[in-house]
Amino acid sequence: MMKKKVAIVGASGYSGEELVRLLMQHPHVELTAVTSRQSAGLTVGQVFPKFAGHAAARSLRFTEPNAELLSKQAEIVFLALPHGVAAEFAVPLINAGCVVIDLSADFRLKSAECYKEFYGHEHPAPELLPKSVYGMPEVYRSEIKGAILIASPGCYPTSILLPVLPLLRAKLIKPQGIIADSMSGVSGAGRKAELDYLFCECNESVRAYGVPKHRHLSEIEEQMSLAANEKVTIQFTPHLIPVNRGIHTTLYLAPSEHFSSAAEAEALNAKIAACYAKAYGNEPFVRVLESKALPDTKNVTGTNTLELAWRLDTRTGRLIVLSAEDNIVKGASGQAVQSMNILCGFPETAGLL
Amino acid sequence: MMKKKVAIVGASGYSGEELVRLLMQHPHVELTAVTSRQSAGLTVGQVFPKFAGHAAARSLRFTEPNAELLSKQAEIVFLALPHGVAAEFAVPLINAGCVVIDLSADFRLKSAECYKEFYGHEHPAPELLPKSVYGMPEVYRSEIKGAILIASPGCYPTSILLPVLPLLRAKLIKPQGIIADSMSGVSGAGRKAELDYLFCECNESVRAYGVPKHRHLSEIEEQMSLAANEKVTIQFTPHLIPVNRGIHTTLYLAPSEHFSSAAEAEALNAKIAACYAKAYGNEPFVRVLESKALPDTKNVTGTNTLELAWRLDTRTGRLIVLSAEDNIVKGASGQAVQSMNILCGFPETAGLL
Amino acid sequence: MMKKKVAIVGASGYSGEELVRLLMQHPHVELTAVTSRQSAGLTVGQVFPKFAGHAAARSLRFTEPNAELLSKQAEIVFLALPHGVAAEFAVPLINAGCVVIDLSADFRLKSAECYKEFYGHEHPAPELLPKSVYGMPEVYRSEIKGAILIASPGCYPTSILLPVLPLLRAKLIKPQGIIADSMSGVSGAGRKAELDYLFCECNESVRAYGVPKHRHLSEIEEQMSLAANEKVTIQFTPHLIPVNRGIHTTLYLAPSEHFSSAAEAEALNAKIAACYAKAYGNEPFVRVLESKALPDTKNVTGTNTLELAWRLDTRTGRLIVLSAEDNIVKGASGQAVQSMNILCGFPETAGLL
Amino acid sequence: MMKKKVAIVGASGYSGEELVRLLMQHPHVELTAVTSRQSAGLTVGQVFPKFAGHAAARSLRFTEPNAELLSKQAEIVFLALPHGVAAEFAVPLINAGCVVIDLSADFRLKSAECYKEFYGHEHPAPELLPKSVYGMPEVYRSEIKGAILIASPGCYPTSILLPVLPLLRAKLIKPQGIIADSMSGVSGAGRKAELDYLFCECNESVRAYGVPKHRHLSEIEEQMSLAANEKVTIQFTPHLIPVNRGIHTTLYLAPSEHFSSAAEAEALNAKIAACYAKAYGNEPFVRVLESKALPDTKNVTGTNTLELAWRLDTRTGRLIVLSAEDNIVKGASGQAVQSMNILCGFPETAGLL
């Protein structure tokens, strides 16, 4: 198979670094350009010593970002840029015929108004919104195939939507009253020199933030609304915990059918199991845990797998679903590569196992 | 003031160690005995090098636990033992005239049946249950004063009850549907040689456990039921995170009155603020945060303070309350010493600031 | 006893924060002023929620640093400022009659040339150098008593000098060839927004830095030279490890007398034990470990104690001495308060146990 | 290429787990058996959820260790067992015609007496010692090729020997007086339920151990003696730090030639650079850092690379060499797989990049 030429814009952050790792060892692509203002001129191996063992890391040099040049160097361009900035790069790249896989929030919403409400400024390229596909392979695999612009989902949304969407679609849970309580590792804050993310400010600390209206709510609710076929509003609380990587989400859900006896619980359990088996039985990157196991971020960090488990509580009538993922892999760069694999017709797990 | 003689049974675990620290530096007590099967014969300074700077730590030696002897050595005995075992020690000590402050779960419930349901065995001393006082000073200060048996609350229950009880009593929230999502440091699992709590199994990991029926639910629900004057059933999910100390709890509550406009939210906010001001305005160990601050365990570890904050979410109509405490201090040993201060008529903050 | 009025300039860093903690709870002083450009106007409790339980923390407000004003507010002023800046504040304060306890490196050296060699700029106030006392109580207690300017030692130097100086003075080790290998927690880098000290850059990482010529060498070698009565040059390698607090130092020393048999080792051991017993047997803040115990930072963090142990290696003929301290307490703010206690005639352990 | 059948005995510890990971994804081998007493009957995916994404992990089940059976299931058997136990398994496997790659210390020494001195018991199979090859590919590549018994080096020895051996062989340093100061992550202690390795006992702690006579000295000194052609005795101090993985070693060495001027230092620097370039210029798993970079464990964890850097100190006349590696990969399982690749004629980096 001929190798596809790919580039990464904004490769010096944590998501960019992970894209470099995944794409450099990918069997079907050639990483032809990486950009970063502050690292321009340095080789990949100099910026990321961890990768210096790869021949490509010793020869490939960071450059200043330049859309025109990039469009000649690569067929597929990954954007690992802050929101707002990403859209500015996407426009000329798409016009020049590149496929863009954007890891920012810029093209995740269908509604420019919703974007403005949650991100606080006008959408920089609303004309592209109808063309973008939400890059969640388990949900939009067929749409991803022919896409020219893929909006790779956020880390929290991935950890929430993958467990919830199948239940919503199967009408096993009520669409209203959903609560998502999440904990994220510090890499989720990005590689930014801010006091709040110093080692001594995060170690031996746990704290909530962005309560009650975190930006990620916009894409979570849009996707849930589509699945439920009604407007969904949820509760979401993110917390920062002292790990480098990993997101754990605990979801509090209301089953559509009442249960209180053990027999009713068992019957409902079987329906939920069947729902997840149908949704994810053949998915390479979603692991539904069996028996007594509960998700643990240490079992998924460094992998593109999201694991999930659930429990019915006969005391409260609630369904508790728990998930764990690597926020930088399945929650960002790994999922973006999975979308690229689908888009290009590569085996979906290429470079990801 | 004449110094009270106090002893600690089971002083080699994390709660016991913290009791040693607090009581050794306490201005109004003399620590006369510490027991531990595995440490018998060693001085406090040998077992806990951290305390070796105290003269008492160099002279006081651990002994085998012996209730008869203890009753002669101390007027007040703290039990830092596993549940089930604690009750066996409490009986002879109380019969010999000691006051017992028990950090286990053995005397926290009024109902021996409920104890059996959650702890899996018959209560070892049901005749003492009516005599025990739930040692939460902010709620039971007057009952603590004359008590002979104080059941010091669990770490999770403290982090949940202090934020919730005033709201329940003031009928500002509905008693049903309460959700408590908690994260605890690893010291909460005790000083036990188990694989699950090895450094490499906890570091870079976060996971839920005890889902959905954790033992602490029994005392949480009993106390909430008393405050609400109706039977309360709640949802509670504990998670283990890689910090030594600290519990963070996020509570999802339903206000009794509807709000959706900013004005309605502001009115309700004022009522909640007034409720907490009334409950905790004069409490030395509960800090209600103002303005934009949210609880952070690093601001309370090593102290006997619980901090809390709340947010109204006009999008969902819910009240979110967050709390942080040190699970070993306010969640265990510090609260026990606070109860002792009340019981003995010492200044309530003695040895705790 | 009348309370002394004290102030802290530069109180928003980690050493400043620890000074606030120690001085606010000190029985013989009153903290009358704290300064910090970025925190001016806020109360101590707002900047450091951890201390909000103290009444003083709720009333005392940060101000802009102003030497003239400070000299009226306090008799003793602690400077927790970067080197270079500290000297500028010291001059007017001393001229106005204040005693200055400086935690920076500005007055630790007797030689302005050596300062220039290691710090890269002219000394800002060389006329004060002869007046300053190196604030290591175990060595300079009598000089501290009448001082007007105390240069509190660096964190690494404290962890190295306390174990080595008695051996040098007793001529038990050769003054040349000393190697000090140290590891420090991240708080040693200060509260600075730099990428290198982000949680994700420090967690799961260990690295050396400042090899081979760290600035602290200047004061270490000056003090060792004074003790040995000859010019001493040492090897020093600092490493950064993922803990908030704590310095561990391993020293490789050459005993003056040869030993190879067990009997010779035992005889030398006895001399070393006697040497340390003489130096530190009555010192409240140096703990010489017995038997098999080795220093562990977790046994000293949060305390003003340095612990040390030693081993003779009959295979190599070397003496290994190991020490552990809290870099922010004994290595900075605690030691400074200890000096203040001596200076003011307070009990030396006041506010430090 | 026909796939080689391989097995792992003792696969439930950290080294065993890493062998499973490396061998399951290796392109030229098939993992046919994994043994572990406590995990017998479970699939690899059940014991290590992290690997459950691999088809092999869902089908392959742990069995009780049985040498006879293993010799039929595999051509190459990896032993990840405690020392002493490993030798007992090696004998029947070798007799049955298997190649054994042993990760324990049992076959690393040429001398059974030295083994007894350092390990405290008679060597269980001294007849095999002459047949074993020390599995350090950069040193013994040609011997590994035809070996039937490979003793894979210890984690500390790898971090010390790779930096030192080329200098010793080139006579650039004096063979006596070498000091190695190392820090290891907690996985080095194995997956053992012991209090010392609990999260709360390791987190926020750093401590030395095994001072002054650690067992690994035996193989370090044997290999150095071979390289120097004289008996070498070194100083070695291991420390435990709160990271999961990684060893950092700082070496204090005495260059054979004197240097003090900048010009002399530069000349010596060039010789050292040439020495390392000759030794490691073509080695895939040793990275000699350039310019100002110093080794950092976070740049090597998860990889089979050891990185090293050096500094000449004109003040002391010493050469400081620093190295970093992943103790479980290059320090154990990765290096063992590298040896297997050489032994089998696979590309040396197969399955390791």
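So that you can tell them apart, the chains are marked A, B, C and D in the order they are listed, and the count of residues begins at 1 in each.
The criterion applied here is as follows: a contact is a pair of C-beta atoms (placed from the backbone, for glycine too) under 8 Å apart; a residue touches a chain by one contact, two chains touch by 3 or more.
Being a predicted model, the structure only gives us computed values, none of them experimental.
Peer 1: So which chain is the furthest away from chain B, centre to centre on CA atoms?
Peer 2: In terms of C-alpha centroids, the chain at the greatest distance from chain B is D.
Peer 1: Higher C-beta contact count, B-C or B-D?
Peer 2: Higher contact count goes to B-D.
Peer 1: Take the average of all CA coordinates in chain B, do the same for chain C, and state the distance between these two points in whole angstrom.
Peer 2: 37
Peer 1: Averaging over Cα atoms per chain, report the distance between chain A and chain B in Å.
Peer 2: Each chain's C-alpha centroid was found; their separation is 39 Å.
Peer 1: Round to the nearest whole Å and give the separation of the Cα centres of chain B and chain D.
Peer 2: Once rounded, the distance between the two centres reads 47 Å.
Peer 1: Which residues does chain B have that touch at least 2 chains other than itself?
Peer 2: 201, 203-204, 242-244, 296, 298
Peer 1: In the complex, go through chain D and note every residue touching chain B.
Peer 2: For chain D paired with chain B, touching residues are 14, 185-187, 191-195, 197-204, 242-244.
Peer 1: Which positions of chain C touch chain B when the two form their complex?
Peer 2: 25, 49-50, 52-54, 204, 284-285, 287, 289, 293, 296, 298-300, 302-303, 305, 307, 353
Peer 1: Applying the document's contact rule, which stretches of chain D touch chain C when the two form their complex?
Peer 2: 179, 181, 183, 201, 203-209, 211-213, 233-235, 237, 239, 241-246, 248, 250, 252, 294-298, 301, 311-313, 315-316, 318, 320, 322, 324
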